[in-house]
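In the two assemblies presented below, chain A is common to both, partnered first by chain B and then by chain C.
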Partner chain A sequence: MTTTPTELTDTQTQALLLKLTVLADDEIILAHRNGEWTGHAPILEEDIALANIAQDELGHAGLYLSLAQTLGGSDPDRVAFWRGPDDYLNTRLVELPKGDWAFTMVRQFLYDTSEALWLEAATRSTYAPLAEIAAKAVREEKFHVQHTALWVERLALGTPESERRTQAALTELWPHAAQLFQPVEGEAELTASGILPDLNAVHARWSDLVTRHLVDRCGLTLPDAPATQPGRDTHTEHLAPLLEEMQRVARQHPDAEVW
Partner chain B sequence: MEDSTPSPISHQLSTIWDALASVPDPEIPVVSITDMGMVRDVTVGDAGRVTVTFTPTFSGCPALHVIRDSIEQAVRDLGVTDVEVRSTLTPPWTTDWIGDDARERLRQYGIAPPAPTGEGQLIQLDAEPTRCPRCGSLNVRMTASFGPTLCKRMYVCDACKEPFEGFKSV
Partner chain C sequence: MTQPQYPSSDTQWPRWEVFKQDAPNRPHQAVGSVHAGDPQHALLTARNVFVRRPAAVSLWCVREDDILTATPEELTTNFALLDTPGEAGTYHVGVKRTNKRSMTFVDLSGTVQASGSGDALRQAQVMHPDVLAWMVFPETAVVRTDEDPGTVESWFAPAKDKTYKQQQHYGVIGRHVGELKRAGLMPGRAASEEGA
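Let's look at the complex of A and B:
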């Protein structure tokens, strides 16, 4: 590709900084929730799988925050460990407690499919540093999608108990999933410049993909989702205790060189 | 096409590449970081500064800082004082860069080498075909789609009954 380097205006830079932060926040919080299964997953292989997935998501957060730093953002460790619940901009979808195995797998499936499709579109960003990150991360994300799609299918078509739990998880999570497709302030201009993917187009592709899998293949029922959602600055009561645990070591040892 | 009198720079470059070829992958010591295709570029500047550019295998790889330090040390051990190690994401690392020789060493080590990546679809639920590294059978089952490191998954061979690790095709 031989596009000329995109020069960002100040407004574009601020909007892109915000977008990179919300992307990273979702990855960090979901990775922490998945990390809570370490030592507790149903079988050892899944313990390892979920830890792998969490590690990938943290890797993606590192890529986003490193790029944000070049645009004037803070050091990635400071962003992750020194912001409180009022400053985190993750979706409520990812901060809900880990629940049972069905809840964790359905959430991961909804998230992975949205991330994979967004990244795939972002590989065509006119802003080369973002296109490079997307090209890297999408290769990793496809393994997550394979894994969680299979788990949702296995649970939905398994026993009456596993089916009941999977449907219950979907019923609880579905209203929160649309929040993944809420644009940040200034995103429309970045989309118009080809810097960010068209979020509505990604949303449409995602809806089609997850409906085919969850409804057609797995026999699950999609509940109604509310038309409007509060923004990413509105959290449940579950985020504060999560951050308290996640950030405890970093805050107790602010001078440590390696966590 | 060897020049009869190699310039100092090209001589130095091949020496540096040789040194990097002896840096093992921290998680799979039977192959080196050059076998894995992680070293993308080596340059020697006018003032003798050596710049090595490498690319991570997986973005969340916990061994990245080890690899970075190992690269710097390997070049310093040649007597170079000014070393810069850069990382790049472009083009993204692919298992297609693992050479035939390294694939054979992986197999002998008990790790099924990665299949060619091809132009796979983004969303595919079936894994690539894998052969048992011990008996060569294709009669294998994946037992876990993630393994002890980010780049591998777990299998068992139904022909010789051995469990083994296989490289993901990335």
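Let's look at the complex of A and C:
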């Protein structure tokens, strides 16, 4: 690339490393949950579609962690496979068990919309390597949004059973969604210098977008969400078994040279 | 384990034939089919299933019920196919010329003005007498991906960066078998028989 990367201060580097890890953790855990549908999705075509989406999310994690590595972070495979539940910083939203198809689609919709809006804003980052990653990933994310928005709409407006399941999924997931917009330590300084998007602005756009789709278009009801949430270091009991399965092969073969 | 009870009626969503265009100014080609509940769902599903890797710039989907196909053999035994009714208007004509390619079943070769599906099939037969099969469907039955830059960017551009990888690109657990053999670390047949 012809642009010289912005010089980061040590404080900025640490904050950006943390942010990239947080972003990657959400992608990895959600990709694993989606991967659990492989061979079990309601129809063959959606089995393929969800596996594609999971692969895309893992690819985004790879982008974030590779950039983190250039800032002094560990090897992406070490980060993914050798940290336990106490070190993972994903949201509780993405670690909840996959539930039924409505639950998976509603969660994916809440996540895809937030990621697409964040990435779209991150394409304007003053830190060129991040802007490049965002430009690459946002294309896939915009397609994900179309896929999951369509599914949520079909389920919400489908049969009484699909509507009931979709509303139940939203009721359970909604309180967790705001966690996607919790800043990491030091994020304010990165936002002030234009390196990271303004998370509050992204949150406002997201609230508007998902309300229009879920409430106005799909006729669903948004439940109340708690005003404050524990941080990303607080997990449900579901994360540990997920990591145990996801990391089992890697940990059985610590001498593996390539994954 | 009990045997699954198959419902007596077909509960599948309709089948849609998927046509993919690899590059501008190239014909759309039938690449396979998807099951979907409505046109937009068909297009999204077609993108997921058929545009993960290869290059594409446009997708069409056409419901199975709107498509009429025939082989020369079928026409000799079922001449009534040429009387299949349908709306008058523009029909797309597709032909299957060869069995050699596994991923492409029918190339769209152009359009005709026809009084119905049977008439379109008759014209296809006249225009392309020496092919393995014909396919016709009305223009009004086609659902298409949008051609705006946003759609092209999010539906088709990402796949272009994802080339097929050779198997050896992917890693192995531990060391490669060939490497172990060269280092004399692979157990020989005699040794493994002894162990067994």
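FYI, the second predicted complex is superposed on the first by the 252 of 259 C-alpha atoms of A that agree within 3 Å, B and C clash if a C-alpha of one lies under 4 Å from a C-alpha of the other, contacts with A are read in each partner's own complex, and residues count from 1 in each chain.
We take it that contacts are C-beta pairs under 8 Å (C-beta built on N, C-alpha and C of every residue); 3 or more make two chains touch, one makes a residue touch a chain.
Note that this is a predicted model, so its numbers are computed, not measured.
For the composite obtained by overlaying on chain A, chain B and chain C cannot both be accommodated without a clash. Once the two complexes are laid over each other on the shared chain, residue contacts for A:132 go to chain B alone; chain C is not touched. In the superposition on chain A, A:86 contacts neither chain B nor chain C.
In the superposition on chain A, contact of A:62 is made with chain B only, not with chain C. By the touch criterion defined above, A:209 lies against chain B but remains apart from chain C after alignment on the C-alpha atoms of chain A. In the superposed model, A:7 lies in contact with neither chain B nor chain C. By the touch criterion stated above, A:140 is placed in contact with chain B and with chain C alike. Touch criterion not met for A:224: it reaches neither chain B nor chain C.
Of the two partner chains placed by the overlay, chain B and chain C both lie in contact with A:48.
Note on chain A: of its two partners chain C and chain B, the one contacting more of its residues is B. After overlaying the two complexes on the shared chain, residue contacts for A:120 are found with chain B alone; chain C is out of touch. After superposition on chain A, the chain B segment that clashes with chain C is 150-158; the remaining candidates among 6-14, 42-50, 78-86 or 150-158 show no clashing C-alpha atoms.
Residues 45-46, 48-49, 52, 56, 136, 139-140, 142-143, 146-147, 150 of chain A lie in contact with chain B in one complex and with chain C in the other. By the touch criterion stated above, chain A contacts chain B in their complex at residues 45-46, 48-49, 52-53, 55-60, 62-63, 113, 116-117, 120, 132-133, 135-140, 142-143, 145-147, 149-150, 209.
Put simply, chain C touches chain A in their complex at residues 13, 34-38, 40-41, 44-45, 47-49, 52, 150, 153-155, 157-158, 161, 170-175.
For chain A in complex with chain C, the residues that touch the partner chain are 43-46, 48-49, 52, 56, 136, 139-140, 142-143, 146-147, 150, 154, 249, 253, 255-259. In the complex of the two chains, the chain B residues touching chain A come out as 58-62, 89-94, 120, 122-125, 127, 143-148, 150, 154, 168, 170.
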